[in-house]
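There are two complexes below, and they share chain A, which is joined by chain B in the first and by chain C in the second.
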Partner chain A sequence: MDKPSHISVILDLSPSQWHLSSLPENPHPLSLRSFLSQLLAFLNLHIASKHENTLAVFGAFPSKSVMLYSSTDPEADNTENVNPNMYHPFQVVDSRVVTRIEEELESLDQSEEEAPIGLVGALTKALCYINRIIHPSASQSSGTTSEDPTTLPDPRILVLSVSPDLSTSYIPIMNSIFSAQKLKVVIDVCKVYGPDTVFLEQAAHLTGGSYIYLDRRDALLQHLIMSHMPSPALRKLMTVPTQDKIDFRAACFCHKNIVDIGFVCSVCLSIFCAPVPVCSTCRTKFPIKTLQRLNASRPPGLKPANGALKTAPSTPHTRGPSTPR
Partner chain B sequence: MSKFNKDGANGSVIDDLPHALLPFLQSQSQNTLTRLYQRPSACLSIFRLLPPLDRQIVMNLLWLESPVPAVTMSAWVTREGKKIYDATLLNLSRLHILPNPSVRLSLNGTFKTSLRQAITGGGTIGSFGTAAPKDDKHQPATVETLDAYAVERWETILHYMVSSGTGQLPTKPSPGVLFLLQRSGLMSTVHGSALQITSAGFQFLLHSPHDQLWQLLLQYLYMAEEREMDLVEILSFLFMLSTMELGREYSVESLSGTQKAMLEDLRDYGLIWQRRASSRRFSPTRLATTLTSSLPPLPTSTSSGAGTQDQGFVILETNYRLYAYTDNPLQTAVLNLFVTLKYRFPNLVVGSITRDSVRKALANGITADQIISYLSTHAHPQMRKNKPLIPVTVQDQIRLWELERNRLKSEEGYLYTAFASQADYEYVLNYAKELNVVVWESPAKRCFFGTLEGHSNIRGFIERRTGGQA
Partner chain C sequence: MPPSTVCTAKASYKKAPGLLELTDTHLQWSQDGKKAPSIRVPYAELASLFCSKEGAAQVRLKVGLVSDDAGHNFTFTSPQPVALSERETFKRELTNIIARNRSTAEPTTPKPVIATSPITPVSNGHPPPLRPSGAATPALPPPISRAASVVSSGGTPGPGGAVSASDFKLRKKVLVNNPELATLHRELVMTGQITEAEFWEGREHLLAAQAAADSQKRGRPGALVDPRPQTVEGGDIKIVITPQLVHDIFEEFPIVAKAYNENVPKPLNEADFWKRYFQSKLFHAHRASIRSSATQNVVKDDPIFDKYLEKEDNELEPRRQRDEEVEIFIDLGATQEDHDVTGNEKDITMQAGKQKGVLPLIRKFNEHSERLLKSALGEDGPTTKRRRIDDDASHLRDYYAQIDIEDLHDLQDTTGIILEMQDRQRYFEGGMKSAASEDASKHEIDIKVALREAKDNLHDWAGALSNLKLEKKAADASVVAMTQNVQARLTTKTRKNDIPEGLFRQMRTCQTAANEFLRQFWSSVYPPLSDLQSANPPTPAQKAAKAAKMAGYLAKTHEKVEALVRTAHAEGIDPERVRVAMKPLTDAVDQALTFHRTRKPVNAK
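Moving on, here comes the complex of A and B:
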């Protein structure tokens, strides 16, 4: 049970959202600075738990994503001065993460409008990184690392999100979820600020992770430790909070809107917000009679959001990447 | 010695058992532990030695200012986890990390403060070691030098042990090490002659280096108690070493007197390296920096020639033939404990496992399970493809050879004979059977054998009976 574990942490570092989060009108204002200090304590505890535990930190910035730190990164380890009051690996992680975030935030261009957040990029990079460390033989043919499965870390991803959902990123997020399922990677989500995000809720649910909406934002560290620190093996003994209701709604392929009722192509399972004569993904033509019947059965106006689409999450797997823009 | 053996064996065979050091810490007084918990590095290392659920509980409570009702915490535990959770609380309270866990849960104040300091940095104790200022004359020792030194020291000790009975004369470790080996019961002198390896010593050789190291260090701690050295100083120095960084030099200045005295011992074991005995700086080796992890404490690189330690090198075939790809005299000597070696090549040793060779090992006190676990931990990567790893025939045969030795069992007791009648005999025998004390019976000869514990009852029964008849 006492296996080493790996956490890839994804930080949502949207400057505008963090600015909103730190405004004093919030019930519990949380600035980026105090968020980082609590996060670093969490990271340190993770490394402290076991010598073999590994860590990677990814940052999602507006329209880009960067790897901020990884335990296998050799150049991170060149600090000269040693503080006798602190464990050396902690110093390396802390200084590296903070300086890299500062560098990246400095280099952002000060344009008026903020570009959409690169969360998907960070998620994909994290998955690629995990894939590399759990298949060491593929990347290092020298065979110096033992291929004993007991020494390989238990991987998971922790997303700390502040931005609202981007409906355009529905398909790539779903595809990431499927690869995570395939790699047996658990995705934990902590919603630090902003409204619930539908897609990340689904990500946590489908991979068996926990989704936390942070009410008491002054207790961030305690929430992180109680619900995101236990490794998947430990969660059998110590429960972590899970959602009681999950929003399963999907986004349509044509306008990227989140829909309550969608129309699904019977051949390729693409989702549309309105009946279409030709499926834009697989070019299947639908009979005109069916279209008329479907149009007739559509509810007049907008129905309240209670009919969730249960079949939706499985759809983009088949045809996701080839959808037209 | 018996205490020591128990602890050592516990930590080694199964990974799920708690670390060998924890029972030792639990046996210490609250005062000692509280003094130890004043150092952040010690708290960090102890935290790391704890089992996973214990760590989680400590983390849950670490940042809380007020105690948590025990009911609240146990609500988080699933039904399967209940038993482990209760054991966890007991374990933590024995370590005085969690005093009185029955009603309210709250960490020991000293431990909490120190662990928080370790995580966030801060404080002024300097418990993670003061780095030595840059030396203009000498470059600090490279990782390769340190590894080579650690391997050389450690293998000297093991090689001395393994070849003690064979008449070879390997390099002798320092007197301090010899004394420790003798005290720990791994070696002993038989009527005044040179040191001989004992059966505990043979078992020791088959353990992983990590367990061997802790076994010796635990013995060192017991000895320190007798020598009236300050245990807190010793433990905190060991923990400090375990948090240090490989390949960096640290200054001797900030160490206490006891700790400076320890430098010499630790140098002999290969845990630290110093340029000269009087040097004012020291570098921990890999043996020291991996004390609280499960990484291999000796280097794994094959380039240095000495260490093929972690990589498997043994191929065992179903026909009991064994091929060991090694040039290391120590590994050859350890194999020689239970294998009849046939040929030797520069990089290969060939032998076979025979009844005689295994019986010789069993006579030395090595068990069949230890042989099998040694073979499986050192199996060649090529063999790892097999399932099961060790051929079943060989495994079973080794176990059978062990059983062969256990054909006779001795038990102390009393033989009851010369019953007057068959009825008498059966009456007493039934009584003895009810007490479950019969070892052997023979109705034809009208006698049975009872255990020592049952004798007074049976005797009383017979006396009452004969008394009643008279």
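Moving on, here comes the complex of A and C:
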């Protein structure tokens, strides 16, 4: 009954966001150093709480994503500076995660502007990884997973996010959410810094995970333990904190604006912020009459301006944040 | 030209004496001393007829109407013998009219004999009930409803002016079937907050669905005609006979119709005919189930009916041969000669007539089904459905065409629309310089500094980890916050609703009303849901006026909510709870109002 659990942790490692997070004018500044030590404590907690628990860590860097650590694929650890005061497996995880982060940061492109964060890539890699470990084929005898389905781990993903929503990534994120639903993978989100992200809220909600907005950033570890430590199976018995309010709005495909009300292509379900004669995704031509009708009765004088855009619906898609009771 | 009168009789209606007349278009009754008839029923309305038993104290006649099952009851007031003969006259005439009505209502149903006998008592002299007893006549209602669907199609403009009576009926039906909508209707329309027309705007699909449901014709009931005897005191058995039952019996068993034609009125009168029929072997041969064996002892030899007895249909070959040629693909015998060659075993599971006793029953069922099928095929234009089958048979001999079933075809033709995403790159990586850097640019971050800082932060991670220590205050605060979060959700689950019913109802009313206003508001702002319903789309000016009106209503929502909060306070309920409960509503209203305000100036320009 008590199945081992697997966590794929996704770390949002945007240097600029972490810089902002550590600025002293924040109510509770949190530096990357402090974040990492709390995170490592959490990771250690996870692998210590059950012998069969597995772990994978993915890093989302500007414009790239990499796997930092996976417990099914432990590399030959360098045993040179063994700390005798530390449980060895902890040390393996910790040193490996940090060293890999260092390497990746080192190789980062020194351009003037920070590239968008590779969160989607990390999410996709995490899903692929989970898909592999929960479907161990006979030919592939990789690591610790055994063929007995009862000992297959209960997988989940934990996203530790500091970057704001990237509206361009709406479609791939939604696709990842659907894959996660299909794999029955729970996505937990801990928003460590920055404004709430609409897409990750939806990701957590749609997969049955919990979304936490970190108010007391100095108590990150406390939040991680209370909200993200219990496995999905345990959460049936034990309520974990989450956010009640979820913003269900979507981003339009044409300008990547988050829209309250949009037009939906009847063929491919693409979302547009204004009626268009031809769907830009699937090239479906819409009847001119429909277009006229929609345009004619469109509320006049709404210039497509930044985010606060409103347009007539062919299908009232979503309207504002909703609060489930 | 005054209508010519077919027959007249003195009769009372609702205890008032008067004159019953049958003209060549109407059945009418006028009270004594009044010129104009107070009841006037056109022929087409007449649907059924019932009479009291001969010998009863009062001579009564009841007519059922198409639109009204209850109909009218007349009592003939002349002295008995005269009254009886008068009633016979009316009965004869009305029966013909009703028969005509029915045959127009069901144009294609074969009618060997129409129910010429209205009501006749059976067995031991119990007075027959005037109304058909429902249990005994399961087959009675359909003809009326089938006829009704024809008649009701002619909607007349009602007193409401714009709304026709049929529309009104439809709306009423929708409301009756949908209590929530009815409540909304009561609260908004009856109180005059929005008009009837506004209420139905955008709900046309409900009406359309109802109209479609109403116009569906009920088909022929599939039950076998099987009159169920009711046992009354003293061990007697009673079967109530209605014209409908008679009709059904005649249709199902032509032999009974033949017997009826040959024996009524001589040597048997109607009552005796039915009485003897139900005791005859013929009746028991017609029964559909083994229940017959229980009443076997009642069966008597009957010289009249026994002539009509047919031999049990339990020979290997059915008595009634199918006249059609059996299609070769469904003929099990078609490949019989190949069985020896191919080495197939003889089929032992499907031997016809293995159990002789069930053959008559099976055949009866088959014949019944065939009759039903024929009547169903016939109803829809004489041969349209049938022709489709026959067509295949006519350019027959093309056996391949016969086994070529469309459903089994590969779906090669319908490739659908392939989702060819144009310019994919745009979707996955486009808009690079959007929101991501927006926040960052505000703070003018030097990316190199940030990167260096990040790297610096990684140094001596082990030391930081070993010195990790959570501030007690921070940890406590977050624990409290998270506990509250969990608790808030648990309490909503466990706490029962202790808001008093009165207040709760007010809250609900406020909520539904505001919801409706919101619906009206947005529907006046946004295009209609589909092209179909826009028969006469409102002009932009009308829509603007409506939006303004609705916005006016919506603006009052906050006051209403405040009033509720005050009421809650007065009743000792935490006002905050009411406010929280109404929060989504006020949010939605605010959104609409903000929208309305921002839109106005542009309109004026």
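Operating definition for what follows: the second predicted complex is superposed on the first by the 284 of 325 C-alpha atoms of A that agree within 3 Å, B and C clash if a C-alpha of one lies under 4 Å from a C-alpha of the other, contacts with A are read in each partner's own complex, and residues count from 1 in each chain.
Going forward, a contact is a pair of C-beta atoms (placed from the backbone, for glycine too) under 8 Å apart; a residue touches a chain by one contact, two chains touch by 3 or more.
Model, not experiment: these values are computed from the prediction.
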Considering only the touch criterion stated at the top, classify A:52 as touching first (chain B), second (chain C), both, or neither.
first
May I ask you to decide whether A:20 touches chain B, chain C, both, or neither, giving the answer as first, second, both or neither?
second
Just checking: does A:197 make contact with chain B only, chain C only, both, or neither of them? Give me first, second, both or neither.
neither
Looking only at chain A, is it chain B or chain C that touches more of its residues?
C
Under the stated touch criterion, which partner chain does A:229 make contact with: chain B (first), chain C (second), both, or neither?
first
According to the stated criteria, A:256 is in contact with first (chain B), second (chain C), both, or neither; which is it?
second
Considering only the touch criterion stated at the top, classify A:8 as touching first (chain B), second (chain C), both, or neither.
neither
Considering only touches as defined above, state whether A:84 meets chain B (first), chain C (second), both or neither.
first
Which partner does A:282 contact after superposing on A: first (chain B), second (chain C), both, neither?
second
Quick check on the superposed pair: does A:237 touch chain B, chain C, both, or neither? Answer first, second, both or neither.
first
Contacts on chain A seen with chain B and repeated with chain C across the two complexes:
41, 83, 85, 94, 221-222, 226, 239
Considering only the defined contacts, which chain A positions touch chain B in the complex?
1-2, 41, 44-45, 48-52, 81-88, 90-91, 94, 143-144, 146-148, 221-222, 225-226, 229-231, 233-234, 236-239
Chain A contacts chain C in the complex at 13, 15-20, 22-23, 28, 31-34, 36-38, 40-41, 83, 85, 94-95, 98, 101-102, 105-106, 108, 110-117, 163-168, 171-172, 194, 215-216, 218-219, 221-223, 226-227, 239-242, 244, 253, 256, 261, 267-268, 280-284, 289-290, 293-294, 296-302, 310, 312-314, 316, 319-320, 322-323, 325
Footprint of chain A on chain C - complex, ascending
417, 419-423, 427-440, 443, 445, 447-451, 453-455, 457-458, 461-462, 464-468, 470-471, 474-475, 477-479, 481-483, 485-486, 488-490, 492, 522, 525-528, 531, 534, 540, 543, 583-584, 587-588, 591, 595, 599, 602-603, 605
Which of the residues in chain B end up touching chain A in this complex?
15-16, 40-41, 44, 47-48, 51-53, 55-56, 59-60, 62-64, 76-78, 80-81, 84-85, 117-131, 243-245, 248, 254, 290, 292-295, 300-301, 310-311, 381, 384
